[in-house]
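All remarks here apply to the structure that follows.
The letters A, B, C and D name the chains in turn, as written, and every chain counts its residues from 1.
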Amino acid sequence: MSKIGVFICHCGENISATVDVARVAEAAGKLEGVAFSTDYKYMCSDPGQTIIKQMVKEKGLTGVVVAACSPRMHEPTFRKACSEAGLNPYMCEMANLREHCSWVHDKSEATTQKAIDLVRTLVEKVKLDKPLFPIKVPVTKTALVIGGGIAGIQSSLDIANAGHQVILVEKDPSIGGHMSQLSETFPTLDCSQCILTPRMVEVAQHPNITLMTYAELEKLEGSIGNFKATIRKKAKSIDEKLCTGCGVCATKCPTKKIPSEFNTGLGMRTAIYVPFPQAVPNKPVIDKENCSYYQKGKCKVCEKVCPTGAIRFDQEDELVELEVGAVVIATGFNVMQPSGFPEYGYGKYKDVITGLQFERLASASGPTLGEIRRPSDGKIPEKIVFIACAGSRDPAKGIPYCSKICCMYTAKHAMLYQHKVHSGKSYIFYMDIRAAGKNYEEFVRRAIVEDEVNYIRGRVSKIYEQNGKLIVKGVDTLLNAKNVEIEADMVVLASAAVANEGSEELAQKLHISYDAYKFFSEAHPKLKPVETNTAGIFLAGACQAPKDIPETVSQASGAAAKVAILFSQNELSRDPVIAVVNRSAPPLYSTCVGCFMCATACPYQAIEEELITNRKGEVIKKVARVNPGLCQGCGTCVAFCRSKSIDIQGYTNEQMYAEVMALLNNE
Amino acid sequence: MSEFEPKIIAFVCNWCTYAGADLTGTSRIKYAQNVKIIRFPCTGRIDFMLLLKSFSEGADGIIVSGCHPNDCHYTSGNFHARRRWIMFRGLLDLLGIDVRRIQYSWVSAAEGSKWADVVNSTVATIRELGPYTDYAKVAGYLEKEAKL
Amino acid sequence: MMDLIKRATELLESDAVKVVIGYGKGSSTDRTRAIFVTQVADCENLVFNSQCIHNLAVYLTKAEIKKLGKPAIVAPVPVLRSILQLAAENQLTENDLVILGVTPESQLIEFESFAGIETFLDTHRIKIDQKYQETIEKIRSMPVAERFAWWVKELEPCFKCYACRSACPLCYCTRCTVENNQPQWISVASHPLGNLEWHVMRAMHLAGRCTDCEACYNACPMGIPIHLLTKSMLQDVNENFGTYGPTLKKDNTLSSFKPDDKESFIR
Amino acid sequence: MKIGFYPGCSLTGSSREYNESLLAISKEAGVELCEITDWNCCGATAAHNLSKDLSLTLPARNLALAELDQMDELVVPCAACYNRLVMTQHELGENESLKKIVSEKLQMPLQNGIKILNVLQFLEKHIVPRLEQLVKNPLDFDVACYYGCLLVRPQRVMKADRFEDPMTMDVIMQKLGANPIDWPFKTECCGAGFSVSKPEIVGELSGKIVRNAVDRGARAIVVACPMCHSNLDMRRPAIETYLNMKVDIPVIYITQAIALAMGLTPRQAGIQRHFVPVNLPVNR
């Protein structure tokens, strides 16, 4: 005979304001099998939990229902309280009176009645709860970091310095990411490379970090503490052990006219190439799409000139399987290719470029060695127009959000331009200036006051070429909304920051969720900004939302800290909410008939065959068995099983059935 | 007799729709009291017999809701569920069990307002359809039995 | 059907099988029934004609028959389909039995492998009778309430003898849901609700598995058109997923899926 | 082949040449256009500022009538009418209850499934495929294709490709042998909204458009909208005052261009109805 305790929470007034908690408690008290019921202002508070513990002891409760907020909020809290009082934590359930009742209904009889129904339903469930015990799983203390930009670099270094193994996977030939492409960084104007490259080298040399460049995640299986990751190492066509990175191959390669990704198409590279001088590792790869040997079957110049004979044309992609305990995603962002802007003529007019391209023009290591020269004819532009919010905050372009970094880097761009072209005039069309951040507003002021950048509050409707000039038609909304036309030599679009291509597929490989714009979703917008809703997978940097460098770095360290915390334990205990195939006395052994349709349905290959043998060792029956290590507890198999031979702990057939009965029979 | 208050039971998955309904709460979006939620780990877990049972226990309508395709926390539970409901719906329809009384939906953890819409529109539909007396009549034999 | 008898005799003589599951004369001239030949002498009792509609595959999973030892089974097309489905559900392996297939032209065709059956069945696909399709259409076209009433009335005579279950080669569970009383999924009494629940459950459990042999209907003492349910499910499977009839692939309709399965009713 | 046809007021008034040329080329191409019986005002410009219901009901009636006439395609040459009809179809499509209300008002059933074509879509679908045989006098000169706003905006409804820089008209003109120039004013505002109330604004806005076309060497401006046409053609004096120079570049409807290319007489194309005389190097 079960003795259930029911505890109704007022949640301050969040529940009691619309639900007559006293009546709910009273009604609950009358339910069969309920030994005690009460209501209290804050069940989750210390005194609140104490009441539960006392009652569990005093009344020898066999089950507890806490009717309060969502179990997704406080189930762990109350289950802990119960276990401290000596009751198996899985004998405690929560009725969601706040999110699902008091907050969504007005004060009324019906609301209170609904609360009573919900409580009764959970009481019936608890009656059928069975004590469960956590499944212990060992933790593999190696972290997989996906993406070698500043976020991935920071996370890797922090985790490695905490004494754990790190595998850093980067899809490009070198780590460094977007930060390595930047010229100077706001708000200090110190050179991006100068602060980044030391970190890149540190990664390469760190004893705890294994670096895999030109590699991508193929598959991720398993769960927190015990993931199995499959990495595709794309063929670099060179033997990295032999290659000394002397670079002769690249200088001799006959295919020289390939737009360099690193220089955003403003510079050229060869088919065998190192993306940029400070690359890590500083060893080349062959880009098969453009290599005349791979395409036309002859050339092999690089092979001839290579002093160490490191070229390997027959090299193939390699799949490596890794055991890792945690994953940090740091795949970063991309800039929207403004081909979606016919009105700005990007792609049509050579001298309309993106902010990222401007970074390369302004960068000392860039195609113009840091001189601001326009792509069309290499002239130094005397008039330059910057357009902030090219795409951002523009629902018509499908990007209602703010890209966050543009206000700052546009100010920076204008400044760099003014510093390099003293006679030049620069204009910035903007919607608002968002310079929230340490020394940010001051930075923008400097641009306006010291460098005399002309800020025009308004948007640009069209850009077109007329006798060698770019006519920028916009509006100045401040000076009683006059139309303005500027004859510019070059236009820079602060094109929106968007999620990286393929982020959707990656999210699906990792089973994590993503938002409407394909940025990965954090587990909680405020309290769990670096976690994903899949345990053991964390987020760092702009793959979660547009971020500037300081913010990215701090999130990366945050993610690293989370990994370190996870790795501080040797064992994790996993929720025992998993499926089980019943067993019964001979001659039946189990009602399972071994049709194994559950096996085809299981997303985790958790269903195995078990041969039941008699004393003589002859197989008398083949039945299904659930591997508790693999089962994640979705219960899909349960709904399939025609003979009702599989059931899932914590959501058993009996329980779900009882809940339906209880919920619908309120007379 | 006051206006007919439909009894509606909602079978939702823990990861998307249950969380979505939580968000409806945290966003203080109001909806009708008629719908009461039962929490499942995944739509894949929802047994068709439970739906049938709900009707015989006096439900006038049913909501079944989970993660959008590709967003299932267990990667494919909702895909299996979708097939199951396609078949089940066809069968019920053939049998003259009113399929308009079962609303299937995908409501993600971020779609608090969508959940409110689903609830309210379902309540409206069921109000229009009225109490499910046809099924109740059939189920009525239960009580007779009990009386004997 | 001489060669059938001849082959059966060989098999028993050579002790390749212990029993031949086949058809024999029935209680009247227009009927046949299942016979289980264990003696060479009895082989002559084997018959085969158009009246052999009984789906013998049902016996392959029955404990009593299994006890007799390795069987040979006389298998016209419907039986072959059931065998294939049972194989796909891990209930049979190729060396469990000898399959004496019989083509629609009453030719004996012995199958070494299930794969052989699969290729054979590719040329003998399930086809749902026009007349059934029309009936189903007619039912679907009734107003919903009328439809419901119609079925309640049709199912009314059911007294839960479970003949449909025992006749169905795919109802081989050792414990049927209806016998599961914790919880009591299906009200056992044969009142309208119990009957409805039973037949819904049965149809759903056969969804994507049923091979359209009509054994259930033929077995029903009250002649309830329960085969309409499974037939219409077969149509649904075909319309929605394009898979139709048994295969060895482990892609049973309800335990597999395609990410782009189409439906029109999920909001 | 029979296709539904909704002329609207302009085509029976200020822009009859548009109507005439459209019917002429359709006839040449063997395409029959059947006018909706008892069609009414589309409610353009005025209605949607006064009453939303009215602005939906007026076009909806025409759609309902077209359905009664069992049309599955409906050509709406006037860009304003087209815009209203499509907007209505869209809004009613989005909102079942609104659709109910409207069709009750109309006391007519409304499937709302009819395919509405603007003149460019119509040409692409029914005329262009036959052009090759029909073009007798290729138009061998530069033209500026001017689309205006109504055919492409609002993007979310019109789903025009590259709505900031549409190409459909350019492609058709190419097929006529002409050379459509690349210019930035394709969708700039002509000021139609102020055509009556503040002609001087039209002067400025349309002026810039005409000026740019001339500067880039176009021999003619090609349009597909009566509003655009009346502003660029009829309002030429206002334009010339603004530019303070004489501009004689003619403005022709794409249908007229096709008619000329097909070798129809200027009269059949309705050329004589323009304010700015049209004299183009079309050899015949």
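What we mean here is this: a contact is a pair of C-beta atoms (placed from the backbone, for glycine too) under 8 Å apart; a residue touches a chain by one contact, two chains touch by 3 or more.
The shown structure was predicted, so the numbers you read here are calculated from the model rather than taken from an experiment.
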item	value
Winner on C-beta contact pairs when A-C is weighed against A-B	A-B
Chain with minimal offset from the mean of all protein Cα atoms	A
Chain A and chain C: spacing of chain centres that average the CA atoms, whole Å	50
Whole-Å gap separating chain C and chain D, where each centre is the average of the chain's CA atoms	65
Euclidean distance of C-alpha centroids - chain A vs chain B, Å	32
CA centroid of chain A to CA centroid of chain D, Å	49
Interface hub residues of chain A, defined as touching at least two other chains	601, 640, 653, 657
Sites on chain B at which at least two other chains make contact	48, 53, 70, 76, 80, 84
Junction residues of chain D, two or more chains touched	none
Chains that touch, pairwise	A-B, A-C, A-D, B-C
Touching residues on chain B, where the partner in the complex is chain A	5, 7, 9, 14-15, 18-19, 21-26, 28-31, 33, 36-42, 44-48, 50, 53-54, 57-59, 70-71, 73-77, 80-81, 84, 108-110, 116
Sites on chain A touched by chain B in the complex	70-73, 96, 98-100, 103-106, 108, 110-111, 113-114, 117-118, 121, 508, 511, 513, 515, 521, 533-534, 577, 601, 603-604, 632-636, 638-640, 648, 651, 653, 656-657, 659-661, 663-665
Chain D residues touching chain A - in the complex, by the definition given at the top	155-156, 162, 164-165, 183-184, 188, 215
Residues of chain C that touch chain B when the two form their complex	136, 139-140, 142, 144-152, 177, 185-187, 189, 191-194, 196-197, 200-201, 203-204, 207-208, 228-229, 232-233, 236-237, 240-241, 253-259, 261, 263, 265-267
Parts of chain C lying in touch with chain A, wherever the complex brings them together	89-91, 172-177, 180, 182-183, 185, 205, 250-252, 254-256
